[in-house]
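Next, two complexes with subunit A in common: one pairs it with subunit B, the other with subunit C.
Our next item is the complex of A and B:
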């Protein structure tokens, strides 16, 4: 198949590992899947901070379950990426460790309080789920299959996240004020979650032409805004004055993108933000700390292959 | 030699187990699978795998999902929250509810 055939055939779940796909498609799909998988890993690492901060046993249990889900999603996505034959799972994980692997902007900001839990678990996860639901119709079949399972699980994350927000915003005045404070930090980051406008996004057009993406960044950001802004207001959060939000002719809301800090966004995109170094470094150190577990598993496997008796 | 057969009805579906065939090798297994399992039922693709290569664990040997109360990991637990504002959240919750019914939890 050449790239024109791919564009002509592009549709939901159209291509599978048995198709002979051009390198350009396989590279684009790998880039998307690797980014997505890396984001699940880094999101999981960020989220695990909340287990310690959570104020009750129920919340701690839910936080651990969520981290377990996220790391599981990463495994599914690395597998779906690996089937494209461009990069192995080991290569992708190694790149994430050495700082070459890219991941979502929101996971480059270290968290240090429980008030940030609903920012990640409700708003960022809600944004992620908006996007993931549209990827059930991606043209790379293994990606779509991974999304079926991911979306099945994510409903719990978003509802649990909203429940934390509800709890905080119906408790003491001090809690409400602190939640508002962190919301003001997180709000512009959330709006940048979907990336820049379509004409500035380099990979967007091709990804849509070959059916990897079915909805544009702009459409996703605007639908997120129209669903989640009323939610913030419902719980008494005030929307910051900047970035400016305006009403479009059709009555839906949109954001003035010039008000967002794109220098910071592009620094993050290069893994060069202060928080990027911190998050990537902290994951690397944890990986090193449990290296002995992986080694012992490899030893076990190798020993088993040579002589089955030795494993007993 | 016995080969397990997995059929995919339409492009994009998962391959699901549909039966098995006797065959001396993979090539013959694929041929017999087509004849036995791909002729009448709608088929887009078939997989075959040697029966011996398939591992199994069943409900007699383990408690799937663990033995402790894990309701905290289900969307339906957070019933003070209305999921209907976002179609994908509502859909996820509906799928979880269906799974809970099948497990016999509700």
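Our next item is the complex of A and C:
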């Protein structure tokens, strides 16, 4: 198939590993899947903090389950990426550790309090759900298939995140104020989650033409605003005055993009933000600390042990 | 309701509290590996095990609530750290990146756990016996996981084998505290809450773990020559690692000051 054939055929779950696809398509799909898988891993670096903090045993179980799900999603997505034959999982994980791998902007900001739990588990995950739901119709079948499982489990996470927010916003005045403060920090990051509208340039345009993406950044952000602004307000959060939000003629919501800090966004996109260094550095240190295990497994395999079954 | 304190409990309460505290504290240590394990598969396995252990802890804490009227804050969030009765084996901090330490601890614990559950399967206290089977099925998987890793870590020799040896040297004396009696030991056996004495369970444990570890060319300390650590856990005495962990996992609870810890049974049961 050449690229024109791909564009002509592009549709939901249209292409699978049995198709002979041009490198350009396979590279674009790999880029999306790798980004998505990396984001599951780096989201886990934030979420694991909440496990230790969880203020009830049931919440702790839910936080533990969520971390487990995220690792499972990463595993599934790396596998779907590998089916494209462009990059191995080891290469993708190595790139993530050495700072070349890219991941969602929101996961470049370290967290240090429970007030941040609903920001990640409700709003950021809710934003991710908006995007992931549309990826069930992506043209790379293994990706769409992974989304079926991911979306199902994310539904539980978002529900738990919403319950954490409800609990905070119906508790003491001090807790409500802290939650509002933290929300104000996170709100612009959430709006940048979808990227700038005018970035329908390089990757996105192509990704839409070949059916990898089915919905634009702008539409996804509208959908997020329409769904999550009322929810934020329902729990008593006030939407910050800046960035300005306005209603378009068709009744959908939009944001004045000039009000957002795009320098920070693009610095993050280069993994060069202060928080990027912190989060990627944490990943690197943790991976180096267990490098000896991976080396010993290689030794064990080359030693030709007689029972090569996986421990996992 | 007052919080449970060792030395002031009925035999059933004393038995339940040991079970619950061991599982809870071990799970806290397991979750420290979330996202930090050597491979995604190892990560997934350990996250799964942590989840199981928290689940078992909840099962035993639930019984303490249902049968003895305690509430979750009495049992976890507001209990004095000196009133927890877990073995210090499960509270010890893991040296940085020391996967061997976690695998060895898991193995030593999981064998003891199986033997303990066997001794509770015919408990005279029906609610314990009823729950043992569910826990047993999951613990079997934990033990296989630990053994599979031990086989691999020791199979290639070199650095990994040395790390396993050093973890056994460090952890074995603490593992013996799993069998340290509480004040109620005689009553627990007399009332049939547990059908075997801890000394017998300990003997079975030694018969299993010592030959297995030796088959991996790991030297096991002579149990009769091991001087127990001063902290045996069952009487509320703990290492410094426990104070730090307890402070960490209760800090947010105290900061938030909610009326009650949230329960999510409909979603999570």
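Keep this in mind: the second predicted complex is superposed on the first by the 286 of 312 C-alpha atoms of A that agree within 3 Å, B and C clash if a C-alpha of one lies under 4 Å from a C-alpha of the other, contacts with A are read in each partner's own complex, and residues count from 1 in each chain.
We take it that a residue touches a chain if its C-beta (ideal position, glycine included) is under 8 Å from a C-beta of that chain, and two chains touch if they have at least 3 such contacts.
All figures in this text were calculated on a predicted structure; none of them were measured in a lab.
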item	value
Which of subunit B and subunit C A:61 touches, first, second, both or neither	both
Which superposed partner A:227 touches (first subunit B, second subunit C, both, neither)	first
First (subunit B), second (subunit C), both or neither touched by A:41	second
First, second, both or neither for A:163, with subunit B first and subunit C second	both
Subunit B versus subunit C as contact partner of A:74, first or second or both or neither	second
Which of subunit B and subunit C A:171 touches, first, second, both or neither	second
Which of subunit B and subunit C A:293 touches, first, second, both or neither	second
Greater subunit A contact set [subunit C / subunit B]	C
Residues on subunit A lying within both footprints (that of subunit B and that of subunit C)	58, 61-62, 65, 156, 159-160, 163
Residues of subunit A touching subunit C in the complex	41, 44-45, 48, 51-62, 64-65, 67-68, 70-72, 74-75, 78, 113-114, 156, 159-160, 163, 167-168, 171-172, 175, 286, 288-290, 292-297, 299-300, 303, 305, 307, 309-312
Residues of subunit A defined as touching subunit B within the complex	12-14, 16, 18, 58, 61-62, 65, 69, 126, 129-130, 132-133, 141, 144-145, 151-156, 158-160, 162-163, 166, 227, 230-231
Subunit B to subunit A touching residues, read off their complex	11-12, 14, 45, 70, 72-75, 77-78, 80-81, 83, 85-93, 95-96, 99
Subunit A contact footprint on subunit C (complex, rising order)	27-28, 31, 34-45, 47-48, 50-51, 54-55, 57-58, 61, 72, 76-77, 96-97, 99, 145, 148-149, 151-153, 155-160, 163, 248-249, 251-253, 255-259, 261-265, 267-268
